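Below are the structure tokens for one structure; questions will follow.
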């Protein structure tokens, strides 16, 4: 047998992200969603389905199911607290802020605190699209589009 | 005005070749050729038409017309003395010897002395096909083929 | 596989010293452990210098100019064709079309050879384990003609179901396609046997040699196939190079594909006539510097000897496979008895991309994803795998480093 | 041509020092006078080193692996796309498909854009002065569909007959094609005017920029064309590189051409879906090292400034033209008022190939032949011409050397 593993540089895997990936919130199904979209990253094979219940144009309930990497699952889990109560415009605003964070653009932290744990992804451009997939899929659902991917602009 | 031109390295252009190119022999037309073929090198644009009169399988008369560079014309001119009286097999033999000369393969000089002036072409592979075109066209004519080129094997 | 065991072992340290990139570090000083060779191989100094020298000393266009530089460049380019043709056992350099890689080679066959021959109901036979470059070109031309692509199945261990493949041959099959070595499973397919069966049915066989030419002695005539495609960047050569070998009589029948310079005999606005192969299929200015480098790559590989390379990589495969089995929850995908040094795996509870990122942070470069083989992923019902792929310049210590990094990553993720 | 006259003259000696090949000698010590730039350009050290550095430090495949090397390689490749797109004035890098050169670019348009649109009776309009790369691809797809290629005439001085070109536009014309700068005549065509006329007739216009991008400031949006093709090796970049710019809405409609890796979204044996442009048109491993070099070439050219390059080359053109007129019996083919520094000529009593060989023996590299422009040769009724083509790094002294060598050659041949 090999010597036990030693501490490793965990890169983009902040402890809170790993915790969300292991025990995601909002994972599940809405039986009668007002909006639903599927996200797929061809390059990774990541898949996510996002379901929304809407009330007066605002997100009232949110659930997702994913077959995907830890970053997708953590992002999908952390998104929940940010989405509830927001309308499409606010979600677009959030997405712009989140993209800025992932691109390492700096600026003040995002108000939904948990998402800031993704800041280290700026160093890993190939994995950014994983973090972006859930929100891109939510945006697609709000637009009425059935599909989203984050490999192409 | 510019100073008068000084002596230059004449490369493959041996004096005898230039003399033949300026005043080629066998240039003209056979009215009733037994065999005729056209040679064309797409890369250079060289064109030659070769006409043969045959007697008992041997070349009795030979003429050519060319729109081509000095090397083609010189080769076509010099060929005359080698071809008259030869049959197809002897022409094939000559072609093999000539190809050897052009490839710098060494060996004894070709019996048709004039052709040996092409020996320097071994240093100029891109121009070898010019020297080869007339003989390739004669061989095509003897085979009954209408066309020849020396850019492809 | 005919591996002649080498008498003298390779001096791996001396070989590695010829690959500048292997001395790199990543992520703040971690020595690079490059195990992504099936994706692209590293280049020895002699190849890098051949490209460099071309631009410094020889740069000119080919087949066009009569000046000294042009002759030298043409000599280098045609010399590369000769070297490559001999390397893969072609009967003549005239049977070798130089391309920008395997993808261009298979697409050339698709558009020039196959498209004019397809009718509704016709079939192109491929296999479940193929790279997209050996699937999608056939789909594109089939879609235009009402023909269809079918795929022979594989066994769960990653071996081709040879009997099924042969059973799918028939008069409606206009082309059969198989990879020589799978880029995901490592499986070495019994090409000679498949070629014999194809010949019996009068079906031409195309072999994707992308993963074979860099790792095994290849002799296209001994294999008995009709087309053989390969790519330069995986065999220690420059990017943007490769080739398509095809039987002379097949090439001679194929109409031109790309139009442009060098592939013509005579152009008139009303219509053109075309050069003989291989020039007919090489329109435009080729990657001349790249081919100068690729010829050097072949000389480098031949200097080591393909049989010794294959034997060395078998040692690495055995060693690395045994070590990886120490990782709890690790499952190897592809365990054919004849396989090259490619190990795809999954680790329970850890997604392939997360593993790859964490391995990368330790300096270990592996590929994760679908490896351009969606149908194979679907067959195994996995979204993605990790893949460690070895070259002769890898070491047992690098396999150990992979293992250590995997154990750490697993501890973090699981 | 919008040439802004440069305030400070170029330091040609310093520029030349950056091109290692210009220091070469040929034929036993003759200094090389390289006047075959329209065929391919020489490469500055920064380009050669960028290629070299890629292989030594960054070599990995693109868009596939998540490891550090893969990210770096992808960054270089996509960075090159950005640099090139900006250089030619594209609205977005997503409108730029990276290809192996102009030939691949025009063939991509032929097979993907044009072929599905052609019906019997349709017409592709080109001109008599085009390179085969802007004629033969159209012929190949026309032949399959019953469409035909027609060519607008030129004036005897080498100018396009613009009125005739515009007069030939009409509803049956499915694509119009014109070279920005003729590789034989040097003629700079009035692309913006042609594009406006094409737009009026609803005919898309493809411009062959092979000879323009290296020599003029180019802004594809200002030109108003629909497709713009160019090749890297003529703009001081590596062999095997180039690009096709096309309007976003046109690219979006085009079906895939080559099938393979990277261009797909999802592959099933029964059928596949495809990525958005430009990835849709970039199947397989690209010439990554080549594009790293091409980005550097653009930076190099921009460092000098395209307007200054154009102005300098106009000086050379004027000087060389005047000197060549001193040769008795010399006839220049192509005397358009707007022309680039390309001079085709014939000398009475001397065949072009003989001249070129004799010039080469003096160290002067020119191209002789048909320059991949058979229809143009037929128009002028000449089998071949000699062509001296200049780059900014050429000198007046080199034009003098051309003249001296020509006088000697003429004395020998005539």
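Chains: A, B, C and D, in written order; residue numbering restarts at 1 for each.
Here is the rule we use: contacts are C-beta pairs under 8 Å (C-beta built on N, C-alpha and C of every residue); 3 or more make two chains touch, one makes a residue touch a chain.
Please read these numbers as outputs of a predicted model, since none were measured by experiment.
Averaged C-alpha coordinates put the centre of chain B at 36 Å from the centre of chain D. The centroid of the Cα atoms in chain A and the matching centroid in chain D are 45 Å apart.
Chain B has residues 43, 124, 127 in contact with two or more other chains. Shared interface positions of chain D, i.e. residues touching 2 or more other chains, are given as 27, 64-66, 70, 264, 266, 353, 357, 360, 369. Contacts between chains form some other arrangement here, matching none of path, ring, star or all-to-all. Here, these are the chain pairs in contact: A-C, A-D, B-C, B-D, C-D. Residues of chain A that touch chain D in their complex: 40, 42-43, 124-127, 149, 151-153. Residues 27, 326, 351-354, 357-358, 360-362, 369-370, 377, 383-384, 403-405, 407-413 of chain C are the ones touching chain A in the complex. For chain A in complex with chain C, the touching residues are 1-13, 18, 21, 43-47, 67-71, 124, 127, 130.
If you check the complex, the residues on chain D that touch chain A are 63-66, 70-71, 74-75, 94, 264-266, 275-276, 279.
Residue ranges of chain D in contact with chain C, taken from their complex: 20-21, 24, 26-27, 32, 34, 36, 39-40, 42-43, 47-48, 51-52, 55-61, 64-70, 100-104, 106-107, 110-111, 126, 128, 131-133, 135-140, 143, 148-151, 231, 233, 238-241, 256-264, 266-272, 283-290, 353, 356-357, 359-360, 365-369, 372, 374-375, 378.
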